[in-house]
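The structure's right below; bear with me while I get my questions together.
All chains are identified by letter, namely A, B, C and D, in their written order; residue positions are counted from 1 within each chain.
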Amino acid sequence: MKIDRRSFLGLGLGAAAGVAASPVTWKLTDDSSIWTQNWPWTPVPHDGEVSFDDTVCTLCPGNCGISIRKIDGRAVKIEGKKGYPVNDGGVCLHGLSGLQYLYDPARVHFPMVKNGDTWKQISWDEATTLVAGKIKELRDKGMPDSIACVYGNDKGSIAGLYKRFLMAVGSQNFYTVDSMEKSWEALISRMHGLKASAAFDLANADYLLSFGAGFIEGWGSPVNNFLANSSRKERQAKLVQVEYRLSNTAANADMWVPAKPGTEADLALGICSAMISEKLHDADFVQKSGKAFDNFAKFVSEKYAPESVSRTTGIDVSTIKDIAVQFAKAKTPVAIAGRGRGDSAGSLMEFAAVHALNCLKGNFNKAGGFWTLENQDTLTWPSLEMDDVATKGYAKPPVGLTSVISTASLPKLFETINASEKSPVELMMVYNSNPCFTLHNAKAVKDAVNKIPFVVSFSSCMDDTAQLADVILPSHMFLEMSQDIHSGAGIAKRITALSKAVIAPVFDTKNPGDIIISVAKAVDGSVAASFPWENYDECLESVNGDQWSTLSEEGYIDSELTVPATPLVADFSIFEGFRGFPSIEGDEKSYPLTLVSVDTIRLASGSFASSPFAVKTVEDTVLIQKDSVIEINPETADKVGVSQGDYALVTTPLGEAKVRVNLFHGIMPGVIAMPEGLGHSFGTSSQVVTKGGAGLLSKNGATSIITATGGVSAASGTFENRYIGGKGVNVNELIGPITDPASGLDVAWGIRARISRA
Amino acid sequence: MSELEKKTENGSVGAAEDGASGEQKAGGDSGVGMGVLFFIAAFAVCFLSGWLLFPSLLYSKKEQPFNFNHALHVAETGGCDSCHFFREDGSFAGIPKNSSCVECHESQLGETEDEAIFMTEYVEKGVEVPWLIYSEQPDCVFFSHAAHVVGAKMDCVSCHGHIGESETLKPYQENRITGYSRDIWGENIWGIKKNSWDRMKMDDCAECHQEETGSKGACFQCHK
Amino acid sequence: MTQDNHGKAHKFGMVIDLDKCTGCGSCMVACMSENNVPFKEDETNKKDSLTWMTVFKLSNEKNFPETDICYMPRPCMHCGGKGDHGHSPCVSVCPATATDYGYDTGIVSQIYTRCFGCRYCMGACPYHARYFNWWDPKWPDGMEEYLSPDVSPRMRGVVEKCSFCYHRYQEARDRAYYEERRDTIEEGEYQTACTQACPAGAITFGDLHNPEHEVYKLVKPDPHQCGKPRNPKAFRLLERLQTNPKVYYISEREWVRKAGDNYRKGEWGQQKKSDGDKGHK
Amino acid sequence: MDSALIPEGARRCPFPVFATGIAVVGAVLLWGVYAMGLCWLKGLNQTNMNDYYGFALWIWADLAVIAIGGGAFFTGLLKYVFGIDELKNIINLAVVIGFICYSSALLILAIDIGQPLRGWFIFWHANVHSMLTEVAFCLSLYFAVLTIEFIPLVLENRQIDKVPFFHNLSHNMHGIMAVFAATGAFLSCFHQGSLGGVAGVLYGRPFAYREGLLVWPWTFFLFTWSAAAYGPCFTLMVTKMFEGITRKKLVKDNVVHLLAKISGWMITTYIIAKIIDTIYWAGVTAPDMGFSLMDFYSGNAFYGIWILFTEIVICGIVPAVILTVKKYRENKKLLLVAICLGVVGVCLNRWVMVLQVMAVPVMSFDTWALYLPSWQEIATTILPVAYGVILISLAYRYLPVFPQEQELYDTNK
């Protein structure tokens, strides 16, 4: 038998026909269609039962109610909590992206101690012993007053525990971050003689005169303000924005008053002057101030008549008078101060000038008015034991005490450290704040922190400050921990809420309350005795006393606002001897322009960095690749010789930065604006991986860490958050602090600058 | 390139020889005869392997973690929906979780080996049973049980067949290409179905929708 | 099921009050986290950044201090197409039927497993509402844990876009079926993630065919003109292209309304006049 | 060493020279293949396309090669259907060019899509309303036809032709070629047209949108017409290039002049239609959508009105005049200028209908979207050119592409 070509032909054709008549082709086609549609590397999220868990967002002082949507217990989404008194279902983009913080690549996975250039994992026991040992050592040396604690705010029981800890060891060095709230408190204390915070019933005010406050850019309680702003249309309420730049608030306002930067308070006094001269003020109310008011009236009419204010501010006399009339005619007008997001302090006299308007109308403690909410500590603490060392140490004044309002100020602390040869602070604990990023002249702050022999960070992420620490005892992220929340941020409500642990901890972290309790116990003696609780949960329940049951069941308590028993009196004597508002740093000749920092709601600039989602929403007029973009009026740009998209060099007395240029008609000529919230130094491989880079080999081995020379990038331990880290310039490195003569707080909002093409 | 030349020359020479050679009894047609023979042989091999061998190559058999007696459970509990229930929000819970099972199986019921595996390997260890789901659809599919069972009053059998009467779980045949169960395409390799529950492809959904609602429906009706 | 928009079917649509919008970006993030939208290291090139909901910043281009800006959130417009017959610019061009028009809802779908990434639909969409997955989606370690099962994650090389959170409609219908209400879904039961999250309350969502719904009351769509708004302060983006979008915008500001479409010299004045007449009626 | 494969009597350069040339082009080809591999493995992020520029450089290349490959169907149509027999002397070249262009187009489409393994969904789940579906069907079918048209030429290779089976097959195929040519012409008409339709139906893009007849916008007809008109220009251009490179006369002047004349009249009629279309579009279609003509041609450095002028006047009217007037047409230099302008013109038209469509802002607050291709895109776009050069060189070397070659050689000797 011979096999020839025809045989092959037959074979081939037969095979083809056979396959064609079998289901192979048809079936394989269908299967490959399914195959190409489901690639194994595309994640398939598991389905399951839907549930919601409510808690309170603590990313910012706004404290919105949020609902965590879960699938079979796995958190998949954050939504606003409908009916919650702060936000009624609305929620800002940072809160919405809260889940991203859980898995932030910069998170610290376990306690670590710095070992030269690398981080070394240690156990919680070792970590607490280490910190407690240092504290004991300092106390043994009789230096408890060299221990300091920097804490984001002083509300709630965790802050209470840290304050208590300092007291128990014997130190007054407890610092919170300056904010407009602090300035208001100082002012209320000075003008009304009350220990109270300022609150603004913006949802009911019918005329809102804002002096540079980023009312809808994150000022105060952001979502609460969004709601108040939206209801203006229906309520026919007016918003007037005094600002040198068309911010979102200015764009949304009924009237935009572009006063020159730094003259906002002059304008306020000009309006006061116009009101008084037209006798539009509430005479009954101001009468109670007596002679001081007459002095004030005389002072403003002489020094701040609309005509002269018009020259300083660049605002027409008629506009000033119009505003005066509108403000006076309004039923419930409120004037607000606190630049941008309000997370830095403002000059006391500027606030006083703005508040003088409120005083002239006497619209206090009623719907739509200015409220003075007396500080009530609703927490009940057991008695505190202080041994001799503690008593002696506590008697000493805090480092960086401001002369005027007699509290310690954080910028002053670092100034003092930098000014002394040896740091007066031997040990600093930091939680919920990132001073190396948020404080003005951030570079100097870093120097000061480096000067402190032992820095303990409780940060859950490797932020700008934590990376300078000697030891990190990482806290839970806010969704992983319980704590009590007390409203503030200028909201005219008194809400106590429980922020619950709604998600099991992702890493080996702890509640900061638990951390400090265990450190206290390890310090032993009277310090341990002052912390009688087994754990923080027990403490939380006990200090909240009667309100605990409501808190744990309802989640929050919305208390009625109480009108102070004694009618409010305004003391205008604050203006006596007043000579003018603090001006910004730098001489006009070498620095012809004014550099201001600008808050945008889409970028976080406080203790936490923006999430990947938030950064994604940032416009290309704020950030281009890794460059900050400055805003400049086309007219100014022409003069300087820069155009859209150009690289430019911004120089201030503090330093220079390479940025890109965005031309914007809405900014006053002569002013350049730079976004806040960029320029985080963590997450850049040069800083963390090569120098401090450490890859985790075994999570369980207590001391089994690793040194990596750059290359090793085990998932945990590199801290590279490339979504925000290393992007842009930190504007706070270009702006230096300015101490307010009246309050001692840092009140800088800008600096003189020049710009050239780079 | 002379090699090619040779080859082609040899080829044509060979062909010429073929025609002339008289080895085959069929004479001049012998080449064609061989061709036909080869054709038939190849056809038969390919055809048969396409029908018989191909399915067993395409699917791999997997055993369920342990056997489950549907018939017994139906008898005990009264119906499909006592275990495969709707949640309050109208979503369908699908395969029950251990937490549902232990409502009855608080402790071991009966002496079967399967029951013992369930208790020791899963309940006691707190691990969910990794059942292989015959009707598992790709992630892009959104299937509303509520619309079919409550809305259209369809019974479970229409799509899932008589699984409720089974006493043992049949082996799970996984399609090696798609990763889904053979039950989606159906037992018949051509995809021919006799009963409505024989197949679970999109075309089957569309066919029924066309009949019942007059339209195949928009994509998003069943996709996410 | 009728093959047009004029029948009894729903016609889901959105109204955005541009005077209330503060440009805060909550809608964008709400959308991204609801719909498993991925992100990458550098998102500053807005032309390759996946944002189903994006917020445009408009300016009146006047000099300081006459400048004004307006934020314009832009989801998918879910165009009804010419004559509102469902031939949306994108749907009609897709070669593989990976996107279709739901005649029962007016929603334009996108099926990622069907799409093979020719991007013709993106070229067809004048609103840039369609996005291509230029990269494989990647989440930092562990972050995949937060992905929602309601929306299937996409793979590299396919187009995606806003779905008006269709999965929420699916879920609402599930509940309605379960409670034996069939298709009667209350206004509040089906709301998109952006509507729900907007802290300014600028977004309203509902059925444009239902006069009880807020969206209807706000814009009063004209059924004889494919849903053109009868409210003179309301407009649709690029109305003149006859794409018949289901997203309406409201603004008191004339320059904003003018920016919603293209006008040749002098045309806006006439347009305004005819709008004015409409307002009087 | 490969002389046995070279058509009898044909004079070709020595093999090493040929091999070196092919190697050089082959290197370019490999570069393109590497870029193509990157696009397939790493995805389209290798390109500089973006969400505003979903169609870019290589889609233009795709449209352009198909337009200039249009010589194949049109010459085929003229020869086999209209019986203009002189054209048999250039039809082989037209077919080879067509084959190269269409296979390149298919390759480009396969690279261009985000999920190449799902590319066949266009047939499997076809949406018949989509112009792209029409494109895909016509493209693949016409490619099949071109392959069939190409096969007889391959079979005419000296060695293959010795096999009686192939010899007969080739002969038989020639016999029925008219049927294929007619089918091909029909398919290609639709294919060229549907490519025009791709842009023309985009009613969300006022720059591209055109009214039309039934489901086909005017661009549908304009594309077909322009491909028929300009395609022969490219065929002639390649012929001239061959003659230049090989320093031999390969096609007789009368054939060249005939094709040039036909092309000239086609361009004339096309350009008249194009002018009418432009006027109607600028005067009626676009204004209805709120655009005036200059809105499309101002506001950026690149897309000025020059582009319209160049397309219509310089690359339209000028070659039309040259090619229709006998005196000009028979002037060698002018002829060369005309065919080059023609090729540039049709490529420019395709560029405008792809890239400018994407670049023109539509929303009033949009800005011009400009884009620069990445090297991967450029390499991938050059890939088909390199492939074409290699294939056509191989064809010229081993196949009797130019039937008149021998005769011309003999007469010129």
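The rule is simple: a contact is a pair of C-beta atoms (placed from the backbone, for glycine too) under 8 Å apart; a residue touches a chain by one contact, two chains touch by 3 or more.
These numbers come from a predicted model, not from an experiment.
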| item | value |
| --- | --- |
| Chain nearest the global centroid, as defined over all protein CA atoms shown | C |
| More contacts between chains, A-D or A-B | A-B |
| Taking each chain's C-alpha mean as its centre, the one farthest from chain A | D |
| For chain A paired with chain B, centre-to-centre distance based on mean C-alpha positions, whole Å | 56 |
| Length of the line joining the C-alpha centres of chain B and chain D, rounded to whole Å | 47 |
| For chain A paired with chain D, centre-to-centre distance based on mean C-alpha positions, whole Å | 61 |
| Computed distance of Cα centres, chain C from chain A, in Å | 33 |
| Touching two or more other chains - residue numbers and ranges from chain A | 32, 37-38, 44-45 |
| Multi-partner residues of chain D (at least 2 other chains) | 115, 118, 121, 124 |
| For chain C, residues that touch 2 or more chains besides their own | 45, 49, 59, 97, 113-114, 136, 152-153, 155 |
| Touching residues on chain B, where the partner in the complex is chain A | 11, 14-15, 18, 21, 23-24, 31-32, 34-51, 54, 58, 87, 89, 91, 93, 138-140, 175, 177-180, 185, 189-191, 201 |
| Chain C-touching residues of chain A, taken from the complex the two chains share | 37-39, 41-48, 69, 71, 74-80, 87, 89-93, 96-97, 99-100, 102-105, 216-217, 222-223, 226-227, 229-230, 233, 246, 248, 251-252, 256, 258, 506, 601-602, 612-621, 623-626, 633, 635, 664-669, 715-716, 722-723 |
| Touching residues (chain side chain B, partner chain C) in the complex | 86, 89-91, 138-140, 142, 144-147, 150-151, 213-215, 217-221, 223-224 |
| Of all residues in chain C, those that touch chain A in their complex | 17, 19-20, 22-26, 28-30, 32-34, 36, 39, 41-46, 49, 51, 55, 57, 59, 61-65, 67-71, 113-114, 136-137, 139-149, 152-155, 193, 196-202 |
| List of chain A residues in touch with chain D within their complex | 29, 32-33, 36-37 |
